[in-house]
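The two complexes that follow have subunit A in common; it is paired with subunit B in the first and with subunit C in the second.
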Partner chain A sequence: MDRLTSNLLDEAIGFDDPTKPSPLIGRLLLVEDCVETSGAFVLHHLLKRALSSRHASNAVIFIAFSQSFVHYDRVLRKLGCNLAAQRDSGRFVFFDMLTLGCSDRSGKETDEGVLVGLYCKIQRAVNALIQENKRHVTIVIDDIPLLEVAANGSINHVLDFLHYCHTLTSEIGFSIIALNHEDVYMDIERPLILQMEYLADVLIKVGPLATGIAKDVHGQLTVLNKPVEGLQDKLRNRVHNFHFYIKENGTEFFYSGSRA
Partner chain B sequence: MVAQDFPILFSNCGAKLFRNSRLESVKSLPIMAESICRALRDGALPGELAPALTIKDSINSPFGFNAFAHVLAQLSSNILAGKSHSRGLVLLAFSRSPAYYVELLKKRGLNVGSSTKWIQILDCYTDPLGWKERFMEGEKISNVDQEVSNLSHLCTNVRDMDKLFSSIITLGKGFVGEGTVRFCVAVDSVTDMLRHSSTSALAGLLSGLRSNDSVSSTFWLVHEDLHEGKVIAALEYMSSIVATVEALTPSPYMRTSNLENSYLEHSSTKGRFHVRIKRRNGRVRVICEDFIVEPSGMKFTSISSEDAVINQGLIPKVQFNLQLSEKERNDRARVVLPFEHQGNGKPIQIYDGRRSLTESKDDNTPLITSEKGNDEGSGKGEIVYFRDSDDEMPDSDEDPDDDLDI
Partner chain C sequence: MAATKPRTSSFSRNFSSAHSSKTPGLKHGPNGTTFISSGIPDLDKILCGGFPLGSLVLVMEDAEAPHHMLLLRNFMSQGLVHNQPLLYASPSRDPRGFLGTLPSPGTSKDDKSRDNSTEQEKGLRIAWQYKKYFGDDQESANIDSKYEFCNDFDLRRPFDRHFFSGKHVECVSILDSSSLSTLHDRCATFLSQVPRNDGNISSAGRIAIQSLSAPQCDHSNMEWEMLSFLRSLKSMLRSSNAVAVVTFPPSLLLPSISKRWQHMADTLLSVRAIPDEDKELAKLLTGYQDMVGLLNVHKVAQINTQVPKIPEATTFSIKLQKRRYLVLECLNQAPIDGSSGSSYGSTGNCSGSSKTGSLEF
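Right after this comes the complex of A and B.
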């Protein structure tokens, strides 16, 4: 499991060249999905990629608002990655916000305080990981709307929290992967989703097939790389568009019309 | 086709041709981005508000930061070369870390760590709300190198506008120089400032900066689509130059078309730079330029020639040709229309059947020729007609059967 075969999604993000360091270092990747098509599989795929890398310096901090550890463990096991073992070895740090969030709220904490407390925990975990010489840390947030719920619906606090997470990317070279639901934020709350898009360096949009429901295609993906100094030229602000088909033990990506 | 027309047109008047070609060359230089930087460099006259530049972009063309970096680098090199009205620059970093800026300026070949301190960064990025300060006592991970920390000053409460203002002024006063020291102020994201404060508080800060004696110029970046129209309008009122970054191609970010139309893979690092400059006398100048974002920075070019031709001609692009070339025009002039008198080199005379006596006395030739024609034979199909007498009236509109009484 040292080298994954790269697929269209990896190529679009820039993972295809194994000699180079991860293209996500110091960058923020945002996945946007909608009710019809869940984007969780992209998170699973990237999570597996981050953990199955041979580099001992890789680690993941997972902030889960939507599912429990057991869920992710089962899904990742199908993909060939043992989360429990990774957690025990210290490469996978899991924050179960389903239970943690509730217990925090019972006190006299303000809505800002919840996120400040969460950030504080992340920072401590980060410090611990750095002491173990794990420098390539990926922070995964699943998902932003539930983070907003934890902040009592205050968009500003969510953005403050994300800003503080963002400081980690530039200071220590971390990556952030976040999942957002596009349709939760309709016209009035557009600024949040726009703010997120401004903040993101790579944007992956997941949606249903434009031409309607099909048996062989589960949906389509749009990957957008913002131009960054030093990035490979072929990826600069390129739009990649392709279809996907989710299987039990992985996802198949293909260009429209190219699937036999 | 236009290119063919012009040489012929101008061959007659050499002076005109010369003037036009000069005009063309001036237009092709990317003058606008330079003129912005010049305006910021030259600063304000005593007693005037400092010139201010608003750079705004939207998600369709999110290259506002590239434009900001371009202006920052240009202004910095002017300050370093001593060409500028100002001696230093205070940068309010909200969206990027001070280390990022130090790296950016170094990449553009600017001497950041020189003995004369010319840049000071007010770090509103690392800990804008004091979370780290409050909860992380003593646990700080310091990954910042000495050079950066020498230049940057941490601000842990960006909500306090008064404190922000006074720290900008204090940093600016710190620049060494003789006489009155003036400096520039750059804000990398007004959008982030607005998240922490009200519009009026921000407007107070910005106009306070503009009217301060020691500030020579200011510029800031704002994401247009994140704010209400009135906020943007307020910012534009406060600035003498407004630069808008616009997309040329339909954007992949557009929500409605994104998942419905499958986009072709394309690279869109191009855009249009739209500038409105307000002069002292109230005159407003509007200019447009194209730009392309390259790894080394932003490159400006005049609006592409294809567009210019379309703008000149205002002729819709159709599959068939609507204009004539010079050769076609000449050929058309030579086409003989049916029933047109040919002349065949002789003077054209059309006999109207009338010949007064005086005429025949003065000039007999037409009569002779017609007689000649008669002699030569009737094969020519000529009709020879002589009036019987002068009493016979020439043809008129009068009805000849007018007097008939039937």
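Right after this comes the complex of A and C.
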């Protein structure tokens, strides 16, 4: 049974047509959330989607800053995807930056060195995956603000890093999924999020309901899908707006007020 | 569905009866987590069990009131009662002096129907002596299990000095250290005593850090240093059986930095004092006279799960029952300037008329 039935989010991103290749190839998807509502479930959803695809050429490189492997393993297992098995089979590469990045905190690496080292590791992983004939690799970056903390607050280094990743991936048709916190960038640090939003091809904003906390609706989601060049029909219906309800085994998406 | 409201599911009873065979002070929760108590029975209920081991709890202080100390004191006292190792860091010169103000467990249990505590104490003593002769063991079992996980603390009765002698308590002053590396190293050595191995958990550590980023400390202007300290603290906690409660004054940080702190937290709370003679608020809320402050729940830890825990309310009043015991209660009417609603444009409608405040969204 194909469990990848598409929902509103998949349709908004463009996953709805299974005959076409993934709409994220060569593109950057940015998820933005805030303190009140975490956007991590979007990452879980897309991660599951990337890994449970039947194409053997799919692979994921996960750069985790905010949670450990144990957490993701447990969450994804409930979604029906065994990360440990995927990791052993070489389709899933996990960089635990939460513990790893901190252990060499006292070491000799400079702020820039951390990101340069990380980029080298990504590049090595990418090259290894290409040799294994993985043609579509998704790089997931969990929490860009924590990437800044790892770089000791130098926005320029973070931007350089993201540009490098973007170039690396757009050259060979990989995709990047990144999680960012919108409310962190309010005044002086605007440039980073603006540049990120400019780079992004698909922008997903997660936020709480404007009417307050509810038990049966966990928040709302705005998907902005920038048109692919040359496809005029994609110009319409670019912004999708809907609500979501998160469960252990998946997320329900529905239009405001349309939930049974 | 059941996972979103574990309090009403039939599993909660099993947990409370099962943990009696385990180490006191630990309770198994859903998704392979283990809870320790916050020291306030009501807060444990609000957070669906307590603080999960390995989590970072941030408390946003009211810069002008010491309400965060109430949470810290109860958190630390609960650890002492359970014989759990404790690390306390504060910007004061003599952090050990703070231990003298920790409340000791009260003799009366959280039972609102009884109002005379001395009478109840007598009754309890009899119940203890003749417990085996009484058929009514249901209540005593209830009290016993309560005693194990979470106590009521009598804020007017401090712990005796000799009580600390056998306990594992470390105190650090962060006032004079020019960087956070000393505190980081202390936390690292402290947490190495309670490592996480997937088998049984023998003990849980508690770290209480008061007013990190307080302006009198040298490190208070090193924003990124503090953030990376928090990040490495979180990563160390994840690999050990401990909980860290860190309080900080958000108004003294840049707004964007404060948001970064809030994103780091697994559980995020804030406390606020209420103005003394606010007639409008007094009219709006029932039981205004007994309140000492307000507690907001912004985030409840989501460890090993993607489902957010939605508390029944986000704002609770902090009250002192019989001037001794800390209790948290839902507000009967929402305050006008509820901070959870302040970021939305729609609050204008609610605050326009006080009648709509009672509507449940």
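The definition used in the following text is that the second predicted complex is superposed on the first by the 247 of 260 C-alpha atoms of A that agree within 3 Å, B and C clash if a C-alpha of one lies under 4 Å from a C-alpha of the other, contacts with A are read in each partner's own complex, and residues count from 1 in each chain.
We take it that a contact is a pair of C-beta atoms (placed from the backbone, for glycine too) under 8 Å apart; a residue touches a chain by one contact, two chains touch by 3 or more.
In this text, all values refer to a predicted model and were calculated from it rather than measured experimentally.
Student: Given the superposition on subunit A, are subunit B and subunit C in a clash or a fit?
Tutor: Once both complexes are aligned on subunit A, subunit B and subunit C fit side by side.
Student: Looking at A:Gly153 after the superposition, I want to know if it touches subunit B, subunit C, both of them or none. Which is it: first, second, both, neither?
Tutor: second
Student: Given the touch rule stated above, what does A:Val70 touch, subunit B (first), subunit C (second), both, or neither?
Tutor: Second partner only.
Student: If you stack the two complexes on chain A, which partner ends up touching A:Ala210: first (subunit B), second (subunit C), both, or neither?
Tutor: After superposition on chain A, A:Ala210 lies in contact with both partners, subunit B and subunit C.
Student: Rounded to the nearest 10 degrees, how wide is the angle at the Cα centre of subunit A between the Cα centres of subunit B and subunit C?
Tutor: One gets 110 degrees for this angle.
Student: Have a look at where A:His55 lands relative to subunit B and subunit C in the superposition and call it first, second, both or neither.
Tutor: Touch status of A:His55: no partner.
Student: For A:Val239 in the superposed arrangement: first (subunit B), second (subunit C), both or neither?
Tutor: first
Student: Contacts for A:His163 in the overlay, against subunit B (first) and subunit C (second): which applies, first, second, both or neither?
Tutor: In the superposition, A:His163 contacts subunit B only.
Student: How far apart, in Å, are the nearest Cα atoms of subunit B and subunit C after the overlay?
Tutor: Taking the overlay as described at the top, subunit B lies 7 Å from subunit C at its nearest C-alpha.
Student: Mind sorting out which residues of subunit A both subunit B and subunit C touch, each in its own complex?
Tutor: 210
Student: Give the list of subunit A residues in touch with subunit B in this complex.
Tutor: Contacts found on subunit A: 116, 119-120, 123-124, 126-127, 130, 156, 159-160, 163-164, 167, 170-172, 182, 191, 194-195, 197-198, 203, 205, 207-208, 210, 220, 222, 224, 226-227, 229-231, 233, 236-241, 256.
Student: Touching subunit A in the complex: which residues of subunit B?
Tutor: Touch list, subunit B to subunit A: 59, 62, 66, 96-97, 99-100, 107, 125-129, 131-132, 134-136, 139, 141, 143-144, 191-192, 195, 223, 225-226, 252-253, 255, 258-269, 293, 295.
Student: Applying the document's contact rule, which stretches of subunit A touch subunit C when the two form their complex?
Tutor: By the definition above, subunit A touches subunit C via 35-38, 40-41, 44, 68, 70-71, 74-75, 78, 98-99, 101-102, 105-106, 143, 145-146, 149-150, 152-153, 181, 183-189, 210-215, 218, 246-248, 251.
Student: Could you pull out which subunit C residues touch subunit A in their complex?
Tutor: Residues 1, 3-4, 31-32, 181, 223-224, 227-228, 231-232, 234-236, 238-239, 255-256, 259-260, 262-263, 268, 298-299, 302-308, 310-311, 314, 340-341, 344-346, 361 of subunit C touch subunit A in their complex.
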